[in-house]
Structure formats: C-alpha cells, structure tokens
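Some structures are shown below for you to check.
The same subunit A turns up in both complexes below, where it pairs with subunit B and then with subunit C.
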Partner chain A sequence: MKHFFRTDAQPSVATRCVLSTLLFALLIAGYLIGSYSRHLENPHDNVMPTLSQMLDGVKRSAFERDRNGDLRLWLDTFASACRFGMALGVIGLAIPLGVGMGLFPYVEALFYRFLVFFDKIPALSVLPILFIIFGLDELSKIALIIIGVFPTVALEAYLRAKTIPQEQIHKAHTLGASEHEIAYRIVLPQIFPKMLDTIRLNLKAAMLLLIAGESLAATVGLGYRIFVVRRYVAMDIIIPYVLWMTILLFLTDWCIQWVIRRRYAWLDK
Partner chain B sequence: MPRFRSLVAALMVAGLVVTALPHLALARDKFTLAISIYAGWMPWYYAKDQGILKKWAERYKIAIDVVEMDYIPSIEAYVAGKVDAAVMTNMEALDMPARSGIDTSVLIVGDYSNGNDALLVRGIADVKGLKGTAVSLVELSVSHYLLARALEMHGVKESELKVVNTSDSDIGPAFIANKSQKAVVTWNPMVMTIEQTPGVSKIFDSSKIPGEILDLLVANTKVLNEDARFAEALVGAWYEVMGLMSQRGPDADKVLTAMAQRSNASLNEYKAQLRTTAMFWTPEAAIDYTRGTEIKEKMDFVRNFCFKHGLLGENASSVDVVGISYPDGTIQGDSRNVKLRFDTRVMEKARTGQLRQN
Partner chain C sequence: MAENTYLISLQGVEVSYPKNSHGHGGRNVIINNVRLNIRAGEFLSLVGPTGCGKSTLLRLILGAQCPTRGTVLVAGQPVTGVNRDCGIVFQKYSLFPHLKVLDNIAFGPLLEHTTILQRVLHTPTYRRLRRQYLEAAREYVERIGLNPGDGDKYPYELSGGMQQRVAIAQALMMRPKVLLMDEPFGALDHNTRIEMQMLILEQWQDDRMTIVFVTHDLEEACYVGTRVIGLSQYWSDDAGKPGVGAIIVTDLRTPGGHPKPTAMRSTAEFNALLERVRHEALDPENRQRLHHFNLTHQDALEPAPLSAAEVSQAEEETNA
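So, the complex of A and B:
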C-alpha cells in the first residue's frame, strides 16, 4: 500500500480491476448481510428483500401481466421515456438560444437577466402552480423538467459562446459571413460537443424532476410505480426499478459520450 | 500478504457492524412513537406538547420519544423497526406492517371515519355516472378503498373508470383549479376546502360505510411482550386527553384550539372535522366496538380489498395469507401467521382504572 498516494503509481491491470470492483462488492455484500439478518428475524421481511425476492419482482414486473393485464415495466419505461425525450427535445432549443444571447446584444438584453433569475427558482417548489397552469396530464410533468434544466443549459451555451475569440467573428465578417452564419455555422458547431456534455451532466437533474412529477399525479411511469408500490412496502419491486433507471441513465450518458468521441474527435486537441 | 489480511479484517468489521445493528435496540427504557397529522390523531400532538405523554412515561419510569412525520414515511419507519408504535388506519396496519411480517398489536381503536373521507364530483349525478371518467385519488390508500366500496354498492366495476394517482398535497388545489377534472376522492381537511367550490357536490362519503376505516394506535407486539410499560403509558396518556376533549365548555375549547392550531385549522374547522370523525371517547366505547362482531365483517371488506389490489403481496395466494386475531380469540385468515392483533387488554386496564396514577 505504500504506493497508494504516489502520483506516479502504476497499478497493474489486476489491481485496477480489484480496486474498481471493491466498493461495488462491499455495497452488495453489506446489503446481502443486512437482508439476511433481517430475514433471520422475520422471514416475511420486505424492507430489504433477498436476491431471489427481487428476481421474482423483476419477473412479475417485466414478464408477467399484472392485475390489469399490463407488462408494467415496459409500459412504465415507455411512458417515462416519452416524457423524458420530449423534455430533452425542448431543452435542446436552449443551445441556439444561448448562442444567440452570447452573440447578439439585443437578444442578450432581452433574455439574459431573466434566465439567470429563472435558473435560481427551485423548480420543485412551484409544482403546485404548474399543476394549476398545465393540468395534471403530461404537459405539467414535461414542463417541470424543462423549467428545471432549460435555463441551466441556455446559460451554459451563453457562457461558451462568449468564450469564442472576437477575432474569429471579425474574420468571418471580413470574409462576408452573414450574422446568421456567424452564429449558427461558426460559433454553434464549435460549442456543440461541449453542450452535449452539459446536457449529459444534467440528465440526473432531469430524471429527478421526472420522478417528482410522476409521483404527484400519473397513471403510468417509472416514478409513478415506485410511489404506488410504496403503499405496500414492495421493495422487491422498488429496488429493481431503481437499478433499471440507473442503468438506463448510465446508458444514455454513455451513448452521448460515444457520440462526442466519434463525431467530435477534434475536441480538446 | 499483510494488506490482504487488513482488507479481510475490515470486511469482517463491516459485516459485524451491519449484523449487530438490529440487536442493539434490545433491553431498554426508551421507546419511540411516530405520529402524523389527521383530525383523529391530533390528541397525540396535544399529549406531546402539553407534557401529558411525558408525565405518563415518567410514571412508568420510561422515556417516550415522539417523532412527527408524514403519514406513509411514518409507517415505513415502523415497518423498518425504527419506531415502536405509530398511528395508522386498519388498512395500512394490515397491508404495510402485518403483511411485511411485523407482528402488530392494536392498542387503541381511536375513531372511525364517519364522513371524513369523501367522493366529490363536478357535473355527475351519482356513483353510476362515474363510468368512463378519470378519478383523482391517492392510489391504494383508504380513498381508493372508499371508491371501491362506493362502486361495489352501485354495481360499477373499477375497470370501467380510470384511477389517477394524485399526491394528497396537490389533490385539493389541482381539483379546484382544473374544471376538466370530474371526480376526486380525498379526506379532510381537503374535503372541506373542495366542497366549498361552486359546482362541486359530494356523492359518497365514509358515513355510508361506518366503522370500516378505523384510525388506530398500533405497536410492535414483540416490544409489547418484552415490556408492558410502554403500552400502558400510551393508553393512559390517550384517555387523559380524550377526557379533556369530551368535557363541555371553554376548557374543552382551549384543548381543541391547541389541536386545531397544530393541524393548521381554525377551531370551527377542527370541530367540523371532529363531527365527521366518530371518536371513541372512552375505553368502554372502544372496547365494545373491538369486541363486537361488526368489526370482523368490516375487516373482511378491508382485507378483501387489499387482496384484490395486490396489497397483501402480489403473489399472495389468497386473502387468508395474513392472520388477524380478535379479543375473543377468533382468527381471520392464517392462524399460523397472525400478524395483526386487536388487543383490548391495555384499554381494559384503562377502563377499570388499573393504570398507574402517580
């Protein structure tokens, strides 16, 4: 262990593997021990379900029709993915808006201070108002995600657009580029991959807002299910659902990273 | 391999800590009660604030820690074994702790909802008219139970309408603001607020199913068996507050005002809520109801609802998986898996004055 805090340490591949899996193993082991001891005391325990109970929960959620004849895991995933996708689509518009703010002083004057202020509103605390304005249907859930994440992304795009050297813009002008071309053919492509990163890092916030929206009024959705089965302490369903959401989010994150690496290989070179 | 050995040692320590945790709680003088806000449970807040519970705990030489929580989290804490007693309805007592294998005893049957839960509508004449509409409610709660009972009595199937799960914190304002919402099931104080909205009418409420939605104080049977003092102190404090509330005149008003304030209502609003709550003011009344035959029929409705909606476990084979025992020794359901016990012994002590008086 004497190399542990050396900046020039070179752990072997095997050591790396062991260290990377160590915390996962500890977490799982800790859970299994806890679950086992709770089941010794109470065989009906479902606060910390055993692996087989959870597998059964997965089977019931994903592969067997429930009382209403639904394969609910897929139904929930689809409903949540739709909401998530629509919200992300709108949030994507924050990028051109941010670029516009960064380049055109009139646009900046109109939007900048408002967005800075808007960004500070904790979206969750205005949920009741959203329900009143947008109703209890899809719109309010999507609006919640947008309100929470849109300003952040727009402001990030604004800051990034501001970092583009003024010389480049002058150069484009002298070469005869239109204002429009400067903004969306010169500045936007340069900052776009970084903006993908911003969206990637905001996925978790978006997910939290989605779950919050679904927990308050819904008939289907991943967040909805978690809150409803809580009514009978069905942790054997909740834990697999949480893992499933984590995996989905992880994969989305990974896909965006992959796109950045493949399409924007020039980035940071 | 010294580093490997230290790793193993660390793992063992971690394992020991995790396994030892549940056992640390044994043999003690300190107990925890979780309470949540509801008209019929406000006496607990009064007992806490005025030191009545502390006085009773001291008589029994124990300490009772009262934690104020939201309703469902408080039951979850009880199921997880983090609190020893909690307030809940008969339905949650059955489908949360009892079905999770936590042997639970009902110490106090405090009241039943006699209009506190209601089905409110816009432009619908009766329960039959609900067909094809979306009904907002907290899914799998007593509201859902009330709706199921209303539908059953009027020959409508639940599949003929759509249930929209809506959080109790938003259900009132959302229904009032959105004229497009046609039906809602909720409880007081939300019912009172919604009812005042023009164009809204009440077509069913819990006074049509009296005695079915019971508000209880339950405690972990294992904890009670180890130490009877906790239960006696709780019951003693409860009936002392019941005595204060049920006297007439300005003294009672003072008590009720304190409770109203704690539930964020005016005295008149709180009194209105109490009118739709059938309180068992005395141990006699509660014991009579608990020993009667009616409670068994009512519990049968409740457990059948729970079973049909998967609340006794999604793979539960029958409504009988969880056993419920009554003071006369009869058992509903599996006699080898009795997890919910209506027990009048401590209330009986309160009735006959056998609780410690100083």
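So, the complex of A and C:
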C-alpha cells in the first residue's frame, strides 16, 4: 500500500484488471444480495428482480413476439437509432458552420452571438413548443436533440478552427489555396478528429433528449418503452433496457475512439 | 537600374498605431518611412535588435499586413494580400500536420492544376496529376536531403531540421518569385543550423531565386546573405535627438563571393564585419546619427525618417 498514492506507481497487468473490474463486481454483488434478501421476505417482489427474472424479461422482449407480432427490443432500438442517427446527421452540419465562423469574420458576426444565446436555451424547456409546432411525431423529437446539441458542436468547431495558427493560413495562401480550399483542405481535416471527440462526449446529452422526447410522445422507442412498463413496475424490463442503452452508447463511444486512434495518428503530436 | 526593374520595392513604408484607443495623443511608430529596393537574385538578410520590426517588414512583403502609409511592390505590382508570388518558411507551424510529407510538398501544385470537381470526383486527370506531383515531390525529398522513405511520414515523425527542409521544399515547389524566411532555423541546434544554411545556399544557387531572410543570428545573416540590412529603432537625427520607429541603419554587401566558403566564417575580415554590424545595428546603447549610417550597398537609399510630429500630422491629413 505504500505505493498506492505515488504518481510513478506501476501496477501489474493483473492488478490493473482486478482494480478496473472491482467496482463493477461490487455493484453487481450488492444488487444480487439486495434482490436475494427481498425475495426471501416476499417471493413476488418486483422492485429488485433476480437475475433469472431479468433474463426472462430480456427473452420476452428480444426473442418472443408480442401481441402485434413484433420483437419489441429490436423494434424499439431501431426506432430510437433512426431518430438518433437523423439528429446526428444534422448535427454534423454544425462542423462546417463552426469552421466558417472561425475563418470568415462576416460569418462569425452573423452567427456567433446568436449561437451562444441559442446554446443557453435549456433544450427540454422548448419541448412543449416543439410539440405544438411540429406535432407529436418524429420531427419534434429529432428537433429537440438538434436544438440541444447543435449549438454546442458548432461553437466547439468555431473555437477549434480559431486555434489553427495564422501561419498555416498564410502558408496555404502562398501555395495558391483559395479561401474555401483553406476551409476544407486545411482547417476542416485538422479539427475533424477533435470534433469526433466532441460528438462522442455529447452522445449522452443527445440520448437524454431523445429519451425525454420519447417518454412524452411516442408509440415505439427505447425511452418510450421504459416509461410505459414503469406503470407495471416491470423492473425486469426496465433494468435490461437501461443496460442495453448504456452498452450501445458505450460501444459507439468506443468505436469513435478507435477510429480517431486508428486514422489520425498525427493528432496532438 | 531603373526603379521598376527591382523585384521588391518598399516605397516610404510606415507602420504605426494610435497610442490610445481614441486616436488622439500621437502614434506609436514601428517602421518609419522605410525605402528599400531589392533586385532579383539577391539573398537579403535582415537583422536588428529585438522588437525592431523585422518580422513586420517581412509580413508587409508577404502581404499579411498592410502598411499604414506607403506602398510595397513585388514584381512591379502593389501587394494587396498573401498570394503565390511569395513563398514563406516560418520558424514554427510551417507544415500541415495532417498531411504526409509528400502531400505537404505537392499541396500547392496539385491545388493549382486541378479543379475542385476533379478532386472530389477523383477523375482520371486528377489521379494522373496527383501521381505526377507526388513523384516530383519524391524527387524533391531526396534533393533536400531526406531519406526516400521519409516521404510517407507525417511531419511529427521528423526532427525539427527535417521539418524545415520539407517546409523549404514545399515553398520551392511553387517556384515563387520571392522566398521569404522568418527565423527559419531559429529553433534548431548549431550543427543542424549550419547544415540548413548550406542547404538553402545550394537551393538559392540552383534556382537563382530571390530570398529575404530574417534572423536574429548575425553570423548566419552575414554568412548566407549577399546583402545585409540592419533595421533598428535606436538611432538619432543629425541634431542628436532620438528618432521614432525603426529605419534601415546598415545596408552593405557582404564580402567573399556567394556562396561563401565555410572557411570564411573564421577569417578576420568576416569577424570584423560581424563586430561592426553588431555595434552599428544591434546595440541598443548606440544611437547612431543619420549621416553616420553604413549604407554602402549599391542599391542603398538615403534614409528619410519622419519625426513623431510629422507622423501624427500625416495621419491627421489622411483622416481629414
């Protein structure tokens, strides 16, 4: 233990593995103990379902068709993923906008103040407005994610574009590059991997907004489902759904990190 | 030689800022009515004490900054912005970090000879030109002393000296009328620096180009340059009153032929020259009077600095 709080400590691979799984193990163990003791008192307890009950819940949602003949989990995942993907597609446009603001003073003057203000709107508070304007269908839910995340990404791209040294811009001009060539050949490729990071860190915010939208008005979707089954205190469905969403986001995050490491070796060097 | 046959011409160039935000109370003069003609093929070194405006002068020629007054001509045309007439090598941030060495070098020519449509669609013409320029870049990589394999590396994988070699190749690929260099070897160790000096002299000799070379290292300036210019803010008028802003206080032709033999560095003549320029142009304590300036170069012009009052008056007249 005398090495525990040393900046130059070098734990072995085995120690690292144990330490990094420790908290996961404790959480799972704590849950199982709680669930077991509750079921000893009341075999019909549904607040802390046992592992087998949850597996059964997963089986029912993922592999057995419901009354309408649908495999619910996959249907919900697909619906949510579509909304999420469409919103991210639009949010991607924030990157070229941010680059434009960072490079061209006129574009900056036009958008900067507006976006900073826009960014401060608590996105959830405009949800009623969106429902009124766009109705209760897909558009309002996608718009909510965009309103929440677009300004953040655009402003981040703007700040990143500003950090490109003026020397590089001058150099590009001496090499005959035009203004738009500087934007999309010099600045955009250099900030793009960092923008992937920004999007990665904003996945949670986007998901949050998606679930909020789905919980209020939807007929299908991951967020919709957990709020529907909440009425029956169906924890055996809710917990697997929460874990499923977490795993999906975690994997997306991990894939983006992998792409950044793999494709942008020059980054931060 | 008639004035319009000079490749670069600074005509009464002044750079000054208002001392305070409302524009009253006079102006801070950085560069005071500088007149300078540079002929084609010259290797001009620019030295001066810290803060004299060497880099500012270079930025004026580059077009990255506009003079408050006066005109800068490159090849007879007034400079209005940064363009492909001048190549530039900076001390830092010279290369595009996201492009491999060959792509860095081929960047300019490839942009120049292809259209955006060809690049986006990857047309056969684009692919052919790309192959062609990458091949040319590969030849350049060897010419500037890198290993052939270095062409496929990213800039961060190269040492500082190698990066500057690539930056020079990148600029030279465009065959610019003028090559501007702003302390290009300032961050390199002594031996690498000497190697780079040899390299740039070789390139200069091969291509017969015009170079304006800013450095704080006087020995470097006198060794590589055919002409050495000292810019200094420490001078006084003939009455002994300290002047404002930097002017050219030294303008001379370096002895010993071009490029000079390496042995030249240790000769008494060369060291005497260094001593002299160090005293005349680099010593803040030494405020030389106008008529004592060492302006012996054939293209040297008489200095015509303005007084602080004249600068303010000129500005008011412009505004009126």
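As a convention for this text, the second predicted complex is superposed on the first by the 269 of 269 C-alpha atoms of A that agree within 3 Å, B and C clash if a C-alpha of one lies under 4 Å from a C-alpha of the other, contacts with A are read in each partner's own complex, and residues count from 1 in each chain.
Following the convention adopted for this analysis, a contact is a pair of C-beta atoms (placed from the backbone, for glycine too) under 8 Å apart; a residue touches a chain by one contact, two chains touch by 3 or more.
These numbers were taken from a predicted model, which means no experiment stands behind them.
> For the three-chain model obtained by superposing on subunit A, do subunit B and subunit C clash or fit?
fit
> Which angle, to the nearest 10 degrees, do you get at the Cα centre of subunit A between the Cα centres of subunit B and subunit C?
Seen from the centre of subunit A, the opening angle is 150 degrees.
> Which partner reaches more residues of subunit A, subunit B or subunit C?
After superposition, B is the partner touching more of subunit A.
> After the superposition on A, what does A:A177 contact: first (subunit B), second (subunit C), both or neither?
A:A177 contacts subunit C only, not subunit B.
> Thinking of the overlay built on chain A, is A:E167 touched by subunit B (first), by subunit C (second), by both, or by neither?
Second partner only, subunit C.
> Which of the two partners, first being subunit B and second being subunit C, lies in contact with A:P122: first, second, both, or neither?
Touch status of A:P122: no partner.
> Look at the superposition and give the distance in whole angstrom between the closest pair of CA atoms, one from subunit B and one from subunit C.
Superposition on chain A places subunit B and subunit C at a least C-alpha distance of 44 Å.
> Write out the stretch or stretches of subunit B touching subunit A in their complex.
Where subunit B meets subunit A, its residues are 3, 11, 14-15, 18-19, 21-22, 72, 76, 79-80, 95-96, 99-102, 136, 139-141, 159, 162-167, 169-170, 173-174, 177-178, 180-181, 308-315, 337, 339.
> Show me the residue ranges of subunit C that touch subunit A in the complex, using the header's touch definition.
62, 64, 81-84, 86-88, 90, 92-94, 96-98, 107-108, 111-112, 116, 154-156, 170-171, 174, 176
> Which subunit A residues qualify as touching subunit B in the complex?
Residues 1, 26, 29-30, 33-34, 37-38, 41-47, 56, 60, 66-68, 127-128, 131-132, 135-136, 215-219, 224, 227-228, 230-234, 237 of subunit A touch subunit B in their complex.
> Going by the contact rule at the top, pick out the subunit A residues touching subunit C in the complex.
Within the complex, subunit A contacts subunit C at residues 165-168, 170-177, 180-181, 185-186, 189-190, 264-266, 269.
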